[in-house]
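Got some structures for you, see below.
In the two assemblies presented below, subunit A is common to both, partnered first by subunit B and then by subunit C.
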Partner chain A sequence: MGFWENIQHIDRRWIYLLVAIAVFFPMIVVMHFPIEITPEARQLYEAIDALPNGSVVMLTFDYYPSAMAETQPMSIAALRHMFSKDMKVLTLSNIPLGGPSIAERVTREIALEYDKVYGIDFVNLGYKANYVAVMHGLASSIESIFPSDYSGTPLRDLPMMKHVKNYRDIEFIFVVADNATVDYWISIVNAQYGKPVGSGVTAVVAPKMYSFVDAGQMTGLLGGMKGAAEYERMVDISGSAIRGMDAQSLVHLLVIFFVIVGNLGFFMSRGKDGR
Partner chain B sequence: MGESLSFVQHFEIWLRAYLILSLFSFLYRDNVFYKLSEHIFAGLSAGYYVGLIWQTVIIQQLVNPMVDNGHWWLVFPGILGVLMFTRLIPKWSWVSRVSLAFVIGNTAGIYIISSLHGLIFPQVASTILSLDTGNGFAGTLLALLVVVGVISTLIYFYFSKEHTGLLGATARVGIWFIMIAFGAHFGYTVMGRISLLIGRAEFLYYEWGGSLSQIF
Partner chain C sequence: MRTTVPVIVAFLSGFVMVVSFFFNPDRTFIGRAQDVVLQWVTIVSGFTLVLGVFSIVRVNGRAVVRRTEDWPFKLATVISVFAMAIPAMLPVSTTSVGGKIFYSILPQSWGSWFGTGTGSIYDWLFNFVDSPMMETMFAMLAFYIASAAYRAFRARSADATLLLLTAVIVMLWRVPMGEAFLRLFGDSIPDYLNTFIMNGFNVAVQRGIIIGAALGAASMSLRVMLGIERTYMGKG
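Let's look at the complex of A and B:
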């Protein structure tokens, strides 16, 4: 059996090993692949940057822990951007597993760096089931949907919430999601209540979102780890997304190599068989 | 990882590392460590979800408003919720249809409006583009491409007439657009899956590696 036939029957575990090497190698030898800023990412950054200092913004953590590698850097970069402009940040999650606790941990960590105080500068509403009902309900009264915050403190006891009653008091909604909730932020909150919505989503969700950006329904988009790295670059921080993009680029080159070799092997083998 | 970790932090990191490596071990072959981790995940998720719904929905949205604020009418949605459990009793399972009818009717009403108003109309409007986009020849070409792509793809999904002649040719153009869309989705999916791997690899290298270096 020749080289090209062997390639057709290679044990897939060798491929896993090569991918693993390509992922770990840039952690040892930093490579600094270039990161270009896309117009969609810049649009999102500029929309938030254009808000007056002290504006109230909503940041959602609509993602499971499994998607943290892509989405958590977006949340962190967004929080740094918002806190650096003294914005009041209202967080919530439409995902039961992970989202609410990630929001609590990440927001408090970043808030410490900017001397922000819970209840005055930021509030975590936590999770409530049935996101369609939640999105509609927030339009009339946040307190009717979330009587208390993530820790069980009644909203009426939080100074920030005395001035934030519904969507009318919120300037911008930044949805960070790994699933279809972002569709409903667009079709319900943007379309029916007129709130500007920008999003950072996992790469799997991203292709569908471009049509919303093109239609003007979405104000900017971050797609996957690349989008997170772009936002980190614009906020001027060196986060885990920028760090991860070296491995991402290297594995992409490896996958392209596999596709070329696999196809070459297929055609060379076919030629020998006379098929 | 510069700061010294406590015993609990070390334990947490090692537990996470054990679970990650157990799950990755499936790439070599199925084994008992993988199965155990998978079952722990399924059990933990179910337990956490039940607890969360009990606290955030049953207690906060049903019990507290009735007891503290006298919103007694919430007993009706409460009863509808309880009726869903009749599905567990074959003889009485038909009763759950009352609750289901309410949910289906309510959901249909909400979704029809949001789909039409929020998705279909704006998306159709953004497809009807002026050829004079102000972006020169490239803009006009892209506007035409969008129209051709939308129409040919819609025709591919028109099954009331055999795809022959002009209809068949247009449908074949639609296949090209669908394939390009699938390619874009697949490329993004590959990127997403690799990102997940990178996330776990970074944890193992930086956090678990940091813990290892402190211990040894």
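Let's look at the complex of A and C:
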């Protein structure tokens, strides 16, 4: 068996080892490559930044723990941006497992840094089944869909919710998602109720969202960990997405290297066979 | 009867949703009817969750009782369902539903373990068991994707070559190191890629897919409303 045939049949554990090295190497040697801001990410940042201080914004946690590496940094950066402008933040999740707990933990952690008080500056609505019905229902009355918050406190006992009754009282909706719920935030909440919606989604979901941004139905987009890193840079924080960019850069380059070597092996061995 | 009633319910639910879309909910009854139907949907969805739990317990419980292959894993599934669900549903204080009776038996200090709040059993299981497991499973994809890219991503045809080149370019563009590399060939190259690949070809294709899927969903909804499509009732 020649060199190129050997290359074709390399033990996959060598590939796994190289990927592991590419992930761990940036933890030892920090490389700082500049993070360029895409127009879509800048549009989202500017839309939130342009809101008056004290505005009510909705931040959704529509993601499972499996996508946290990409999506949680978006939520954290968004919360820092919103709290720094004294906005009132209403969080909810359309995902039964993960989203509500992550929203509760992350929002309370960030709120502490900005001296924000639960019930006055932010409220976590939690989860309700059937997101299509939830999105429609919030248009008429938030309290009819969520009589109480995530912890079971009735909404009428929360000072912030005395002035937030439905979408009319919310200035902007920032959807952080790893699944199709973001489509419904566009087709129901933006298209039917006219609320501006921006989103931060996983890299897999992002390509589809470009068509909504292009049509003006979505106000800005963060795609994957790179999108989260862009938002962190604009908010001027050094979060986990910026730190993760080095590892992601190396792994992307490694995969490209594998594709090139794999194809070289394929063509060289095919040439030898005379096919 | 078993077929007629579901078809009538499906027709009326769909009809109300379609018609009420065109009426002002603040002024007309039919406009407000949408809210009523949606409240019903939320209630029915709650019951489907209960049905889901019942189903998972029945299927896995039967396998445990019969000691079928991999029964310990099925037992773990059943235990996990109850370990997450029961502490989350128990009252957190005397003001919760059923809390007075519950805390006349158990000490009130146990309240912090129940519910879904920070420090509860549910929260602990989520943060230290469920979340790490899901993240680990997803993280392992990086290794499989790298291996698959090496073995399967071949330029066997013109189409495959085009796909491969686009993938390589987008992968380079989407990371800072790759972006810095692309800028060596021209400062505006990353911007061109964003404009032509993501906002050009990508948007054109995605719109086609979205419009096609929407038309498909509309025709399927119509079939369900008219009783032509009955597979949701377990019928062909």
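Convention: the second predicted complex is superposed on the first by the 275 of 275 C-alpha atoms of A that agree within 3 Å, B and C clash if a C-alpha of one lies under 4 Å from a C-alpha of the other, contacts with A are read in each partner's own complex, and residues count from 1 in each chain.
Convention: contacts are C-beta pairs under 8 Å (C-beta built on N, C-alpha and C of every residue); 3 or more make two chains touch, one makes a residue touch a chain.
These numbers were taken from a predicted model, which means no experiment stands behind them.
Trainee: Of the two partner chains, subunit B (first) and subunit C (second), which one does A:Gln217 touch, if any: first, second, both, or neither?
Mentor: The first partner, subunit B, only.
Trainee: Between subunit B and subunit C, whom does A:Glu104 touch in the aligned arrangement: first, second, both, or neither?
Mentor: After superposing on A, A:Glu104 lies in contact with subunit C but is clear of subunit B.
Trainee: Is A:Phe266 touching the first partner subunit B, the second partner subunit C, both, or neither of them?
Mentor: second
Trainee: For A:Thr38, select first, second, both or neither according to whether it touches subunit B, subunit C, the two together, or no partner.
Mentor: Second partner only, subunit C.
Trainee: Applying the touch criterion given at the start, work out whether A:Gly137 contacts subunit B, subunit C, both or neither, answering first, second, both or neither.
Mentor: second
Trainee: For A:Ile256, using the defined touch cut-off, is the partner it touches subunit B, subunit C, both, or neither? Pick first, second, both or neither.
Mentor: Touch status of A:Ile256: second partner only.
Trainee: Among the partners subunit B and subunit C, which is in contact with a greater number of residues of subunit A?
Mentor: Comparing touch counts on subunit A for subunit B and subunit C gives C.
Trainee: Does subunit B (first) or subunit C (second) touch A:Ala191, or do both, or does neither?
Mentor: First partner only.
Trainee: For A:Val23, select first, second, both or neither according to whether it touches subunit B, subunit C, the two together, or no partner.
Mentor: After superposition on chain A, A:Val23 lies in contact with both partners, subunit B and subunit C.
Trainee: Give one of first, second, both or neither to describe whether A:Phe174 is in contact with subunit B, with subunit C, with both, or with none.
Mentor: The answer is neither, since A:Phe174 touches no partner chain.
Trainee: So which positions on subunit A get touched by both subunit B and subunit C?
Mentor: Overlap of subunit B and subunit C footprints on subunit A: residues 16, 19-20, 23, 66-69, 96-97, 126, 128-129, 132, 136, 192, 203, 207, 211, 214, 223-224, 226, 248, 251-252, 255.
Trainee: In their shared complex, at which residues does subunit C touch subunit A?
Mentor: 21, 25, 34-35, 38-39, 41-42, 45-46, 48-49, 92, 96, 115-118, 122-123, 126-127, 130-131, 134-135, 137-139, 142-143, 145-147, 149-151, 153-155, 164, 167-168, 171-172, 174-180, 190, 194, 198-199, 202-203, 206-207, 209-210
Trainee: For a test of understanding, state which residues of subunit B touch subunit A in their complex under the given definition.
Mentor: Residues in contact with subunit A: 27-28, 45, 48-49, 52-53, 56-57, 60-61, 64-65, 107, 110-111, 113-115, 117-119, 122-123, 125-126, 181, 184-185, 188-192, 194-202, 205-206.
Trainee: Would you mind writing out the residues of subunit A in touch with subunit C in their complex?
Mentor: 10, 12, 15-16, 18-20, 23, 31, 33-36, 38-39, 64-69, 96-98, 100-101, 104-105, 108, 126, 128-130, 132-134, 136-137, 140, 144-145, 150-152, 192, 203, 207-208, 210-211, 214, 223-224, 226, 229, 245-246, 248-256, 258-259, 261-263, 266-267
Trainee: Under the touch definition given earlier, write down the residues of subunit A that touch subunit B in their complex.
Mentor: Its residues touching subunit B are 13, 16, 19-20, 23-24, 27, 66-70, 96-97, 126-129, 132, 136, 147-148, 183-184, 186-188, 190-192, 202-204, 206-207, 211, 214-217, 223-226, 240, 243-244, 247-248, 251-252, 255.
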